[in-house]
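In the two complexes below, chain A is the common chain; its partner is chain B in one and chain C in the other.
Moving on, here comes the complex of A and B:
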């Protein structure tokens, strides 16, 4: 009896000692993403832009955002895979301008759509100049907004979701490259802050 | 059930000659068995005495009739006094069911749901966990778990035995994690390999072949050798199966055809009795299987090849006397490799997935006194997985897990048993202590027994659910990703079971229970931002009732009815989790078998049918996902067999089997490319030497 009990206890002890359990670490792919906006991340953004300029792949700049979307924490840093500027002439002779940038998140592709800018008369769509005065902002209320200022459109797999956002603030830093900083609350809950840096086209 | 062998086995059980429980032998025409004496009479010669008469002569109680099991507590105990609901299907019942696969045999067990996706591809679930996922039950072969360590799924094509080389199938329904640890949260299905009641070697060669009116063929070639010597026991099983029955989808507009279910399997058990109280055994097996890989993530009917290797070494000390009861030390391992070449038309596949688990453990039983015994046990294991669709952090890493359990059994009176078992498990995915417990009170008399059991058990999230990362090769987007924050699904239940025997010919076992499933797994394809696995926030509670009976009207006629009902107490979260959804579970399942032997055991027959009430599915499934909307009407499965001994010496048997469904082209799986249940007629011939 004693031998059996001792053997059993030894084996059980061995069983317990053979394993030192470590928790499984399988973070989401968002944890591999880098937020590129803000002065504190300027070096990261510069590096990403340098990589974008050097790559042979389609890259027109960088776009990044973070926040909470669909109740999940989200961080994205992506090259701008393509972009577009669309001008629509108004009856009063002014031009309404809309800017699109497209990027790639781990789980979805997305586009930011900033409509409602005003371009100066005679300005052509090939340029990236956007007057600061033309920004429609719900915060500053300088110009009434006919449309949501920012649309985040995301596609993943077979799904399409348009996440409308009301942008609180947009800062356009330069008129050479186009740099836009934004923060906003999303119509279906959540919020994002981010930026995109659209490189000027090569001459 | 063959009369003469059963009589012999009954006598052997009473005498304690054969310690493996009530023997349920096959049907030899002239059994060459040793003489067995009862009160100076050779009962092995009493072949003309009817079973009931003999049992009355021997004074068998209900407990002795039901036999013994190790599937509930991992220690030998009687079925009547086991602290869980258990159904035992013996070799004769299996053979005379006419079924050719284990899942088809399980259709006759109340509380069990079987869905055929394609030839060789089945999903089996217990008690309200019907759905698309197949990782909610544990499959054991001689106590060795064969679930894939990667995702916990059961591949029924990897059962290494011909269905008629199974001695018994024991289905334990309800939470059994206190004994088996993680994953035994709805029950276990334990397949026990064939033994022999004679001391002389027995062997068998079996050839089957048939065809289906829908096209396709089915056949098998199998053999077994069993030698149960006084010191040495050797059992070897070989099995080759081809199943191409009804491989095309029911919808003729769908051109895809599932590959045939093909299997090659071999298994050997070698046991050596070292002394009166000690023995060692080695059990190894391997299976190569090819079938459709279709499941809830793989919607294509593409071919998938699996290779299974498993083994166990066991050292056992039994009946040591005094306070030293039983001691068991074991080491076991399983390795599964999957190949499923992808094609341009195919989404996700399991190609390149491999998993390995090795475990060492011990089980000890100490009789503290005449009325009190203590059971202790523990196990440690190492797992390694490798798959292209797993988070790189988890791939190719060795991960340990361990568990410890303790149980106390008290018998304050001769008719009452109180059993309490608790267990703690540290598993790599949960990374926190998971508990499970069971408390039972069993009151039993000569002809009836009552059992009240409360239990809670869990299933650990699988590596796929915790660490999977399924990437679309075209867009490089992650289509579905596991989460390391998910909790273990849990099943907590309270059940009241009874078994009574109004006469020696009739046994009835009703069970009622209430179960609560919580933290069920959700494949959340809805979220755009991150499609991942998560826990359902809505527990499901349901009432269930199960009934099974065995009525041996005569030696030539046994009737075996069974039925199960489910009544959901809440429908919240409908369509949310991948199992436990009310509409995906048949509210009623029922079965009836009639079987017997005739003509001095030279004829055997059996016919049976099961029916399942309608189910409906509205789920997103597959990678990339699609919406599956499917209504499964009431379907019935029918099977039958007629066998006859053609030549007495050597013993040569012929048989014809039919398997089919009503309606004839019924499909019981909601998957878009699922094939019908199929119909086939199979002729067989086998040579036996028992």
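Moving on, here comes the complex of A and C:
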């Protein structure tokens, strides 16, 4: 956990360089968060990635999003604390890759579960992601559920929502570098737009 | 501090304040396991919705149980899509059924993760943190509430912050590899899940388990 905490500290340090905090105002910590996907903060994103490429850093990249979640405005910029990959064969013999990225927000941890990438990487199409047709039930068969999901985890419970109408913009897709921008509507109300830049995990 | 309210709890708070969601059927509170006959009984409240459910007898005919197993990293399905059951770990068990919430039929499921312990054993519910493992004696427990026939993630999906899963009945015969129970067996639990002061559910359930399900998505969320 110390490594994760240290990973979180650097992003806060970057933010504090850009804003003065008034200790008496007690603002929401979200106001200190930076949306790293915009061109205006490209330098911050680059700095964060440089930290991750340092072999001493225990982060796997950068993830950021903003939008409305459960009727609350949310902006988050975070190191990717860890990631996961699930490969599932399709009927046509190709492989569908599901990417999980995890990060830290001021009051919760979060993860994006984004399915439908191609494996081996390099040829995932940008644009609207269309999941497998039909009702997706994990309870009745072994068919993979290709739902993009945002999951928030806090001390008092969790909030998980499907992301409908996910539109992806694949910027980089290699064996050890994946950069994706995305937007979508949350099935439980609200919306998100964001990005992640996932580097190969350190050995 | 009002500016720092968790988004996670805001919906629950607003629904509680408006007082909506009463679903009282007059059943006694569920405070213990109701026995080895198939049933699903729920009492408490969650996100402003009162749960007062007691499915017994014929009304409990469709109460179900599914065991989920996770393939280890080197376990790839064969040409027929079948995994090697010697290279798996228990992911979770899910029990559920269609209940009545304010006159509306809704699918309700409740799960416990990672440790499928013997009858007579209690598991402590800890906050769910995807991407991590679960120590012996602990578990995650979550609920799903959604319209029957729709995607099972289309409604509420939420894991409790604390609670207890008390295993009361757990039968079934593993296959030759000793872990996976292909189908059958009966399970019964009393589960007390807590999200916060106003969000607590007690659930008693007993059901016969159907064919097992392999969840390739599980290892990215629950480490072995």
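FYI, the second predicted complex is superposed on the first by the 112 of 203 C-alpha atoms of A that agree within 3 Å, B and C clash if a C-alpha of one lies under 4 Å from a C-alpha of the other, contacts with A are read in each partner's own complex, and residues count from 1 in each chain.
Criterion: a residue touches a chain if its C-beta (ideal position, glycine included) is under 8 Å from a C-beta of that chain, and two chains touch if they have at least 3 such contacts.
Worth saying up front: this structure is predicted, and the values here are computed from it rather than measured.
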| item | value |
| --- | --- |
| Per-residue touch tally on chain A - higher for chain B or for chain C | C |
| Contacts of A:49 with chain B and chain C, given as first, second, both or neither | neither |
| Which of chain B and chain C A:74 touches, first, second, both or neither | both |
| Touching partner for A:28 - first (chain B), second (chain C), both, neither | both |
| First, second, both or neither for A:88, with chain B first and chain C second | second |
| Touching partner for A:98 - first (chain B), second (chain C), both, neither | second |
| First, second, both or neither for A:107, with chain B first and chain C second | both |
| Chain B and chain C footprints on chain A, overlapping residues | 26-29, 69-70, 72, 74, 106-109, 154, 156-159, 161 |
| Residues of chain C touching chain A in the complex | 1, 3-11, 14, 64, 66, 68, 77, 81, 94, 96, 109, 127-131, 142, 149-154, 156-161, 195-196, 199, 213-217, 219-221 |
| Residue ranges of chain A in contact with chain B within the complex | 1, 4-5, 7-8, 11-12, 14-16, 18-30, 69-70, 72, 74, 104, 106-109, 154, 156-159, 161 |
| Partner chain A, residues of chain B touching it in the complex | 317, 320, 322-324, 327, 329, 360-362, 364, 366, 376, 378-380, 382, 391, 393-394, 399-402, 404, 426, 428-429, 431, 466-467, 469, 472, 475-479, 481-484, 525, 527-532, 624-626 |
| Complex contact set, residues of chain A against chain C | 26-29, 69-72, 74, 81-82, 84-89, 98, 100, 102, 106-109, 111, 113, 135-142, 144-145, 147, 149, 151-162, 187-188 |
